[in-house]
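Below, each structure is written out as structure tokens.
One chain, chain A, appears in both complexes that follow, with chain B as partner in the first and chain C in the second.
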Partner chain A sequence: MKPLTQRHYRHIVLLLMTLAFAPNLPSQSSAASQILTLQVQELNSMLVAGPKVRFQFEREPTDEQRATASSTFIWTSNADSRKMAVSCQEASPAGKLRISIREDLSTIGIVKAEIELVDPTPLDLIRAAEKSAGSCTVEFSVTLKRSMDREKKMMAVLYTITSG
Partner chain B sequence: MKTLSSIAIVLAVNLSAARAQFSSADHSVTVQVTPITVLQVSSGSVNLNIAGGNAVAGEDAMSIVDQSTSLLWGSNSSAKKISISSNLVAPVFTLKAVALNPTQGLAAPEATLASTPADFLINIGRSTGSCVIQYTGIALASQGTGTDAHTITLTIQTQ
Partner chain C sequence: MKKLMIISAAAILTVVLSTSAFAQATATQSVTLAVNTVYKIATSGNPGPLTITDATAGVDDLTSVSDNSTTYSITQNFDNTVKITAHLDAALSAGYTLGLSLASTKGTSAGSMDISNATSASAVDLVTSIQRGADAAQQIGYTFSATATAGTLSSTTKTVTLTLTN
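Entry: the complex of A and B
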């Protein structure tokens, strides 16, 4: 057998060191981690309680009659500077259809006192609305002149929330 | 490598030669088991997204729930619990977590994640087990839009 050289001794030392330190190798971790991303996108949600609003007029009307009704508008929006607009889906609605909000919403946005729907063009009822969730009472009034036809008519009112 | 094998064989031969001189021999064997704890989550990342479908008109709070992450653990020490924390000191939105259906131990009440660790599972003892991590993200309309990026840490600790 050949005598051991310096290179041999180096290998032996390395082998012994490995055996000596093996029990001291770090154990498995007692902690675990995970990356979690919570993203909130812009959203707007609304509904109108009681979608059908009825107006009833007298059989023998005076020259002009006015009837009122109300509905509840409910919303949630997490975006700033939103506006709520209203439009009538009739090209030429019978009579004058006016809409207003009963409650004071000045803490939420700039509210128009009353708007009159004369065609499908959307009109702003609330502007510069803050991020909020809530509800309000929307009051409708319809004024009919005696000369107008007395027939059952249905009109759709559209609410939209957009930026502005 | 060949030289190393030669050395190992030489050492083995020498030891055998030494044993042949006696009909029996004994020596002490010490088996030492150190405290072992191990923890693993099923995925390195999870995304919670609150979008239009999560909002209810008139309600300020919007939420989303995720149950896609499983937690596995093992411990050979008694009186252990698992705690949970987030690295975010001041997140914009609320994030909660609770353990579902743990196979060992007891689930702690649902916790709002903060930089201070909260109990997640208690009394896990000497056991190996698993559970589902249910995360709930909550945002208020008044908080607007945005993103919170958390690093969630679960730790086995002494109870």
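Entry: the complex of A and C
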């Protein structure tokens, strides 16, 4: 076997340098940046689904009568500690209107078992509600007074989401 | 015979004179030419604020917002395998999503890609197989979305870096 000459050593050094630097050669690049401004506003959205809640009393009100009906309350809120309140826009001389929520919403907030609407004062149905989106069944119960006239009565129930 | 000699002499004289007329000196230079690898990318500016302002009752995903007002341009002569990646200076919190799309006529656009968690160590490919040449004024599209359960977000700035690389 021939001894290595200076020329051989030169080739070996060149080969080693090529191998050493080859992986770093293609790492060229150019960059440009953009500044984005992101924001999510506080949003509270709700609706009551379904047709009008209708109570119909078939017989003469000789005594107190009770009827029930329900509708679906749907909401989305991205704020903490919201409260969902309901109010009856005018006092009803016809009878008592009670409202309750059928589902267990304890993971959403503190739910009052039942509230009775007697005047336009808003009453809290759900307090300390967390950020959430969902729906629940609102049950209405009307107790008719004996002295009610046999005429159609309209009652508007107002839902609100506020802080608190 | 005399006439022939005159004509021959005239011809020889013409050749000699014409040779003298085209005589010239020459010099040469060696010119070294090279074209280095060129990568250039630039954007047209910053997009407008992306502010979520609407929601649908009962739906956790808030109404997303978009911005397509800015463009990018590139020039590269390296290869036909160049790509554009994107990353943020810091990842977004859970529940907030930033989508980014880059149009391209020189490469293959990946469409809208989620870059919410893309940082410098985990940049996302937006355009691949870019051919040599220039691609000017290509649209940049941003989509910002959020869930209700993620909560509100006060005005926050994020830096998006587009990198043209091989």
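Definition applied: the second predicted complex is superposed on the first by the 128 of 164 C-alpha atoms of A that agree within 3 Å, B and C clash if a C-alpha of one lies under 4 Å from a C-alpha of the other, contacts with A are read in each partner's own complex, and residues count from 1 in each chain.
Criterion: contacts are C-beta pairs under 8 Å (C-beta built on N, C-alpha and C of every residue); 3 or more make two chains touch, one makes a residue touch a chain.
What you see is a predicted model, and the numbers here were worked out from it, not measured in a lab.
K.L.:
So in the superposed three-chain picture, is A:46 touching just chain B, just chain C, both, or none of them (first/second/both/neither)?
P.N.:
both
K.L.:
Classify the contacts of A:102 with the two partner chains as first (chain B alone), second (chain C alone), both, or neither.
P.N.:
A:102: touches no partner chain.
K.L.:
Between chain B (first) and chain C (second), which does A:34 come into contact with in this model arrangement: first, second, both, or neither?
P.N.:
In the superposition, A:34 contacts both chain B and chain C.
K.L.:
Looking at A:66, would you say it contacts chain B, chain C, both, or neither? Reply first, second, both or neither.
P.N.:
Neither: A:66 stays clear of chain B and chain C.
K.L.:
Where on chain A do chain B and chain C both make contact?
P.N.:
On chain A, the overlap between the chain B and chain C contacts is residues 27-47, 74-80, 130-135.
K.L.:
Quick check: in the complex, which residue numbers of chain C touch chain A?
P.N.:
The contact residues of chain C facing chain A are 37, 39-43, 45-60, 62, 70, 72, 76, 78, 92, 96, 98, 140, 142, 144, 146-166.
K.L.:
Residue numbers of chain A touching chain B in their complex, please.
P.N.:
Chain A reaches chain B through residues 1, 4, 7-8, 11-12, 15, 23, 27-47, 74-80, 130-135.
K.L.:
Residue numbers of chain A touching chain C in their complex, please.
P.N.:
So the residues of chain A touching chain C come out as 26-47, 74-80, 130-135.
K.L.:
Which residues of chain B touch chain A once you look at their complex with the stated criterion?
P.N.:
These residues of chain B touch chain A: 3-4, 7, 10, 32, 34-41, 43-52, 54-60, 62, 69, 71, 86, 91-93, 95, 135, 137, 139-157.
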